[in-house]
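Worksheet for the structure shown next.
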Amino acid sequence: MTFLRPAGKAIFKDRFTTKANELLRHYDEGKKATFGLVGFPLSKPSISHSGASLAPTAIRNSLASFSTYSGEEGRELTDELLDFGDVLMHPTDVEESQQRITVALTEVLATGAASQWFFLGGDHSISYSSIKALAANHTIGVLQFDAHHDLRNTEDGGPTNGTPFRRLIEDDIVTGERISQIGIRDFMNAKEYHDFANQHGIQVYTMEQVRELGIIYIMERELNRFSRLADFIYLSVDMDVLDQAFAPGCPAIGPGGMDTQTLLRGVEVAAKHPLVQAMDIVEIDPTQDIRDMTSKTAAYLILTYIKNKET
Amino acid sequence: MTFLRPAGKAIFKDRFTTKANELLRHYDEGKKATFGLVGFPLSKPSISHSGASLAPTAIRNSLASFSTYSGEEGRELTDELLDFGDVLMHPTDVEESQQRITVALTEVLATGAASQWFFLGGDHSISYSSIKALAANHTIGVLQFDAHHDLRNTEDGGPTNGTPFRRLIEDDIVTGERISQIGIRDFMNAKEYHDFANQHGIQVYTMEQVRELGIIYIMERELNRFSRLADFIYLSVDMDVLDQAFAPGCPAIGPGGMDTQTLLRGVEVAAKHPLVQAMDIVEIDPTQDIRDMTSKTAAYLILTYIKNKET
Amino acid sequence: MTFLRPAGKAIFKDRFTTKANELLRHYDEGKKATFGLVGFPLSKPSISHSGASLAPTAIRNSLASFSTYSGEEGRELTDELLDFGDVLMHPTDVEESQQRITVALTEVLATGAASQWFFLGGDHSISYSSIKALAANHTIGVLQFDAHHDLRNTEDGGPTNGTPFRRLIEDDIVTGERISQIGIRDFMNAKEYHDFANQHGIQVYTMEQVRELGIIYIMERELNRFSRLADFIYLSVDMDVLDQAFAPGCPAIGPGGMDTQTLLRGVEVAAKHPLVQAMDIVEIDPTQDIRDMTSKTAAYLILTYIKNKET
Amino acid sequence: MTFLRPAGKAIFKDRFTTKANELLRHYDEGKKATFGLVGFPLSKPSISHSGASLAPTAIRNSLASFSTYSGEEGRELTDELLDFGDVLMHPTDVEESQQRITVALTEVLATGAASQWFFLGGDHSISYSSIKALAANHTIGVLQFDAHHDLRNTEDGGPTNGTPFRRLIEDDIVTGERISQIGIRDFMNAKEYHDFANQHGIQVYTMEQVRELGIIYIMERELNRFSRLADFIYLSVDMDVLDQAFAPGCPAIGPGGMDTQTLLRGVEVAAKHPLVQAMDIVEIDPTQDIRDMTSKTAAYLILTYIKNKET
Amino acid sequence: MTFLRPAGKAIFKDRFTTKANELLRHYDEGKKATFGLVGFPLSKPSISHSGASLAPTAIRNSLASFSTYSGEEGRELTDELLDFGDVLMHPTDVEESQQRITVALTEVLATGAASQWFFLGGDHSISYSSIKALAANHTIGVLQFDAHHDLRNTEDGGPTNGTPFRRLIEDDIVTGERISQIGIRDFMNAKEYHDFANQHGIQVYTMEQVRELGIIYIMERELNRFSRLADFIYLSVDMDVLDQAFAPGCPAIGPGGMDTQTLLRGVEVAAKHPLVQAMDIVEIDPTQDIRDMTSKTAAYLILTYIKNKET
Amino acid sequence: MTFLRPAGKAIFKDRFTTKANELLRHYDEGKKATFGLVGFPLSKPSISHSGASLAPTAIRNSLASFSTYSGEEGRELTDELLDFGDVLMHPTDVEESQQRITVALTEVLATGAASQWFFLGGDHSISYSSIKALAANHTIGVLQFDAHHDLRNTEDGGPTNGTPFRRLIEDDIVTGERISQIGIRDFMNAKEYHDFANQHGIQVYTMEQVRELGIIYIMERELNRFSRLADFIYLSVDMDVLDQAFAPGCPAIGPGGMDTQTLLRGVEVAAKHPLVQAMDIVEIDPTQDIRDMTSKTAAYLILTYIKNKET
């Protein structure tokens, strides 16, 4: 009919503008694309109150705030972003939910439908589950942007969002030397876990080091190091690596963190590296965010990754 | 795949519970159902700042907060709600947008796909456009729930949300005696327009009269009166007929209005009447609402209408 | 110039609608009117955090949400509302501020410019200061709508917003028998002060009594009683007499209070009485209010008073 | 020292006013009192996003908004409220958390320290755990105020906040005839569960019946019925039984519910009955509440219960 | 009278402090000053939901947060700021509103009352209307700070806030080479419009270029270029050129933008140039802003302009 | 009991993590520690609306968002933080409240219980009172981080939060040459007070100078200067020295201020100096803050101070 559009879609359309969410294409069997995306709407493992389970939807919606065109490069992003949807979580069985992520992602990877992956958390516990699935076929190197080590013991609280990288090591999924933590902040971690990082050969870059060495130097150094240690580099972006002024929607906000530009530059450098093949974005709680700023930054990170990936 | 659901749909599903939004079925040619629904996302005609254009989406989403089961009657609502989507508005040509509503609704009605209609505003100006479309084939009686007459002159501001019923009369679409205004409030109207109502035979019930006569008496009296004057009775529900405590999301909130129970009872009585065949719900601004309360009440009104309609 | 209006005044004007704030007329020497209005932007005496000093502006602005026409009576309010402005408060000397209210109001009253008064708080401490000014020439009867007695001792905290009626009695400005407290609530007062009320002959109506006796009965009884005891009846409306659902902007919100309709009816009955000549409205904190609901109700109370006052 | 007070306690103190939170006394071995209170900060079983785990603190804090004096009865509440603190929840093992509530409450009850109990949720799943502990020594009758049956099957989501009363029946802890559900609302339940209620002899009062029969009639009828069936009557107050205007802080808000006065009256009548010995208050999410209104009402319910309990 | 001040003006006054809003002086015929200011409260042309029509009032009010004294220069700003008020907009005829801006500004300019101009939007569509008025007597060069090109085609949506610079070119009001766009951001524009910019000789500086070249270099280069091309340089400041952390109140917020200091520096350099004679500030939506931060920055920009303008 | 924890303390505990609030130890007679802390919950002297009286609680609570471990230094903070609690303020006598701070702090200092002090405001007026107490036994040098001079005359408003440093000079408590003001901003002060600063030898660093000279240079220069002039250096941190993006919770927010990193660096350099022995943090209004960001930064400043203080 002349003016009718499907519910919620009667939105102004400029004929020359493609919105970034239009790159999303629901996955159906047989479809292939460079980029794939899966949502893990899980935040019940979080130690503190979190609505990060709502972030996959918020981040997808935020893609609609952006176009597909990079003026910096004078280039249109045209690759489809195959959307495998979200993994159904169990309301009361947290570990079951975490296992479902691994199961689902294993099935997704088995399709061979994409070669570059975006995983939308959820809290940081999802990184254990997703990396476990990837590690079945790859030697993974992890570049973790985070204010926190996430190396807590699991005796005290089980597989919380404070434990994913500890569990990866303890379950022999990733060795410590193949983990790099960038943006670790004062007064947001315990000595025990910094010691654990050192003992297991995890490469730690504090915020002070980020400021002194520069993000580009750090990224290149770690990418170079991982080139020899891994065949698949995974970016794990905990948005609380950003200062609270730039990521007001994280459960664990605080001062002293990165500015957005530094994180964008870090992702830019990483994405250009051929071994970097996946990025997760975690710890956004849309119910605590201000005007979806943090989800918007997440969407921008995805586009920045795509733009810098040679395809 | 085992646990994957389409984006945003990985939500807990109780096998015995049908959510009210599951009644919505996208209209395709040839489909038929008792109930049809169309969204008119238009609020640029509003005199005051309004985001009512966002309400069709908010109301549809609010249907997901409810189930299809009336415990009061021990009856499941099973009729499909054919969703014709939203009319695409013009960004800068307000009158064009208003005409598109009439054009679109005329096309919708021509399908003969449904016999009972829900129209989701938008601001109150949409009622002019929708009734105009219906009046092509019907003699319309209008039961308007509203704190305001909406009989303003059009010289001062054109076809604003303060003018729809004036325009219906001036354009000979509905005569004054076939309009009934319920819930008109002190200090929210001008004498000129109350006089206009009286001169044109509009039946006005102030809030004081609602409290004294009771909503059931008023409804029955007006339905009875319209039975002789019209072949199609249209409910136009401006949510600001409710007191601000019950409808915090209307642009023109204020004290002294109806409580929700009274409005629900009014819609209940109306829906039972065979000539009542359409209801619009207008003047909800989701950007100013508190926890979507007003949209939730709108969704509840729709379900109440369906439940009480003999089908 | 053709389309230019003074800053902030370029607002849609319907030629037939007078907004209630247009009744406000800045007082200049020699001007006379039935109604006068003064603002007392003082909340530093408050026991709890309060921004009630911002309420005079919020209430005046809320008048712009209403028209001057009462459809219930088919009558336009046309009396000017002489606005004497606001009393300048001292930033750090609370008692000086309270005295300035008395001084300023004494000067205002000396003009003889109006015979009916609206006083906009501010917190409830302003009632002591305003009644003190009036009591110089009148025997005052006070009808206090409040959840609280406001009869606290002054040793513990000086002239706070919990003390005005105690201080009026102790300073021999008003005797207890000439104070009536309506809407007093469970768990919002101390026994000591209820006892004080009883010992001094203050007539107390709890919320339970309001529900059982009805507001009209109570009002008529007290107005009748005061007719013999006073020559000037003063309404003191602490908005927290309302339930939190109806007055979300009071510092001391809580459940179990009046609905708006009851308070409106009470003011209606009172305003009709010839001895009722002033009303204050206190304890609205616009910084904690929801969409200015409480200020809007305050504006509506003013209009309701005007409408019911024979002039 | 002269003016120093412990951190956070330097608050104005009126010598004659006792705040209701001052009734709280930390439990130590050997202490006894009529009233005991335990917090269950658990909301991870919730089907929808919920921060109800934060409610025990919010409700306790809200007690500080009230005094201990009932002006309606002219009586000071002086009984101590023994505070057993909060049960420590497990971050990732939901069923372990639910069992801890039963274990902890069993230990608490074994102290024999109090005879009347307040349990602060958390979400409604805590009622299963608390009633299970009580049922070890009592035949329990449950008066459930709720918009929802909470009789969902557990296959679909495990022991969520939608299942407590189903689980009580299936685990032979309480029979259906000893459960009474008051305030059940249209479009908030599934037919299957209404049928389940009927099949198991649960007494259901819909909101329509509450309006028609009156809360006092319903309470007296059910209390009378339970007098013959149980030796311990438990009030389970899901705050979403209230209309959204009165309880804006519930996860599942909606229109068509009770007003606060009706619920207060219901608790009043119940508390007077000698067999009523416990009340839980659940489903308050302080992160979604407006100015702690819902927690304030919860605190008021506790005080109303205490006031009406013959001790 | 002793302590009375006009309504809303009873505010603490330090005898040595002049607030910046005190520079505002209502224009009356014959008055002259260096600086003039006009408000264009228009946001109905906006593609997305916007309350930018409320910004002229918010920005003027924000001037009251600042003083007139520059400590950096040890200089008091004393020039009056002639306030011509706001242009009255038409409620339903968007193009009429846009024409009124041109008409009104033409009349304002004809007074010759000021030589430096501040125009307060409103959305960015107002720049077309204001520049059109100025271009009647000047060859205009436009320095546009913006994340977006605003060169959209007008077929799709008419004269929206995405079109002003396209329309200026198409209507031969300003040639492309006399437009400079600074701060253009990735993923916020379409390739078509970047191409249009290039084809028409618009000088575009992306954010990456701002970071690499520095704002001072860019400003000086463009000012120098315009010195030869234009006789009147117009700054058009779309606040969304700022990163969302610094301008949370723009409709189109996003990451990757300028910090405030860079924008201030840019305006500083520009204001010093003798040909720069006007600045508009657009795309602030006070209803979405956080604590008026964005309006406060707008006010600060105005003061920075005044301070740097040789007068 | 097995799982019960005191009210509000049933929070996840990682065995290896110490939260910074666990360093707080309630002061009892005889206790000693390096660091002492006192709260001054006073904001009634504020010129503008302020809830800064709520900040001592908000800052203490924010310590719970941080751990005691500095990863930058690989060092655990283990020194206790003796908490002397908060000074009880007078509800209506502002000057009495200010004197109580001096009296209380004098008593606190007399205990000799700590050698390094944190004072939590309140508004900036508390600095006068606290420095007065310290000056009884020390020659004080003041490093004031502030956007404002706070040198207002006291005739106009008494001892407001705009006057503390003027009063210190006028009362011969601190001479001007022993005051250094860092971060003074354009358009936030009056010329008179800048002149006053100059006349009294106050060393003023504007934001422009902070940007040009660098915070480290400024700190070292002033610390060096004070080494010869004072025996006790006092840091007074008005959080509004920060840009509004970094300190959204200050009453007087605005653009053009410091970023958090600069302030942290400043405190770092200062804390290392042996004469620096106290820091106050003022002008945080938790009721206006966004997600307690400003209080979190305050807590982080305290930890940064502790970490850098040789003990």
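Details
Letters are used for the chains, namely A, B, C, D, E and F, taken in the order the chains are written, and counting of residues starts over at 1 for each.
Everything below uses one rule, namely that a contact is a pair of C-beta atoms (placed from the backbone, for glycine too) under 8 Å apart; a residue touches a chain by one contact, two chains touch by 3 or more.
Everything numeric in this text was worked out from a predicted model, so none of it was measured.
The set of chains in contact with chain D as well as chain E comprises A, B, C, F. Minimum number of contact steps separating chain B from chain F: 2. The chain pair with the larger count of C-beta pairs in contact, out of A-D and C-E, is C-E. Interface repeat of C-D: among A-D, B-C or C-E, the matching pair is B-C, sharing over half of the residue-numbered contact pairs.
At the chain B-chain D interface, residue numbers used by both copies make up under half of all numbers present, so the two copies contact each other through mostly different positions. Taking the mean of the C-alpha atoms as each chain's centre, chain A and chain B sit 43 Å apart. Mean C-alpha positions place chain A and chain C at a centre distance of 56 Å. Separating the CA-averaged centres of chain E and chain F is a span of 38 Å. Residue positions 12, 47, 91, 157, 160, 245, 288, 290 of chain B each touch two or more of the other chains. In terms of inter-chain touching, the protein chains here follow a pattern that is not a line, ring, star or complete graph.
Here the chains touching each other pair up as A-B, A-D, A-E, A-F, B-C, B-D, B-E, C-D, C-E, C-F, D-F, E-F.
Residues 44-47, 49, 51, 53-54, 90-95, 157-160, 287-288 of chain D are the ones that touch chain A when the two sit in their complex. Those residues of chain F that touch chain E in the shared complex are 47, 152-153, 155-157, 160, 162, 184-194, 204, 206-208, 211, 243-245, 248, 252-256, 288, 290. Interface of chain C with chain B (complex): residues 12-18, 20, 65-72, 74, 76, 245-246, 260-261, 264, 290-291, 293, 296-297, 300, 303-304, 307. Looking at the complex, you find that chain D touches chain F at residues 1-12, 24, 26, 38-39, 41, 56-57, 60, 83-89, 91, 100, 103-104, 107-108.
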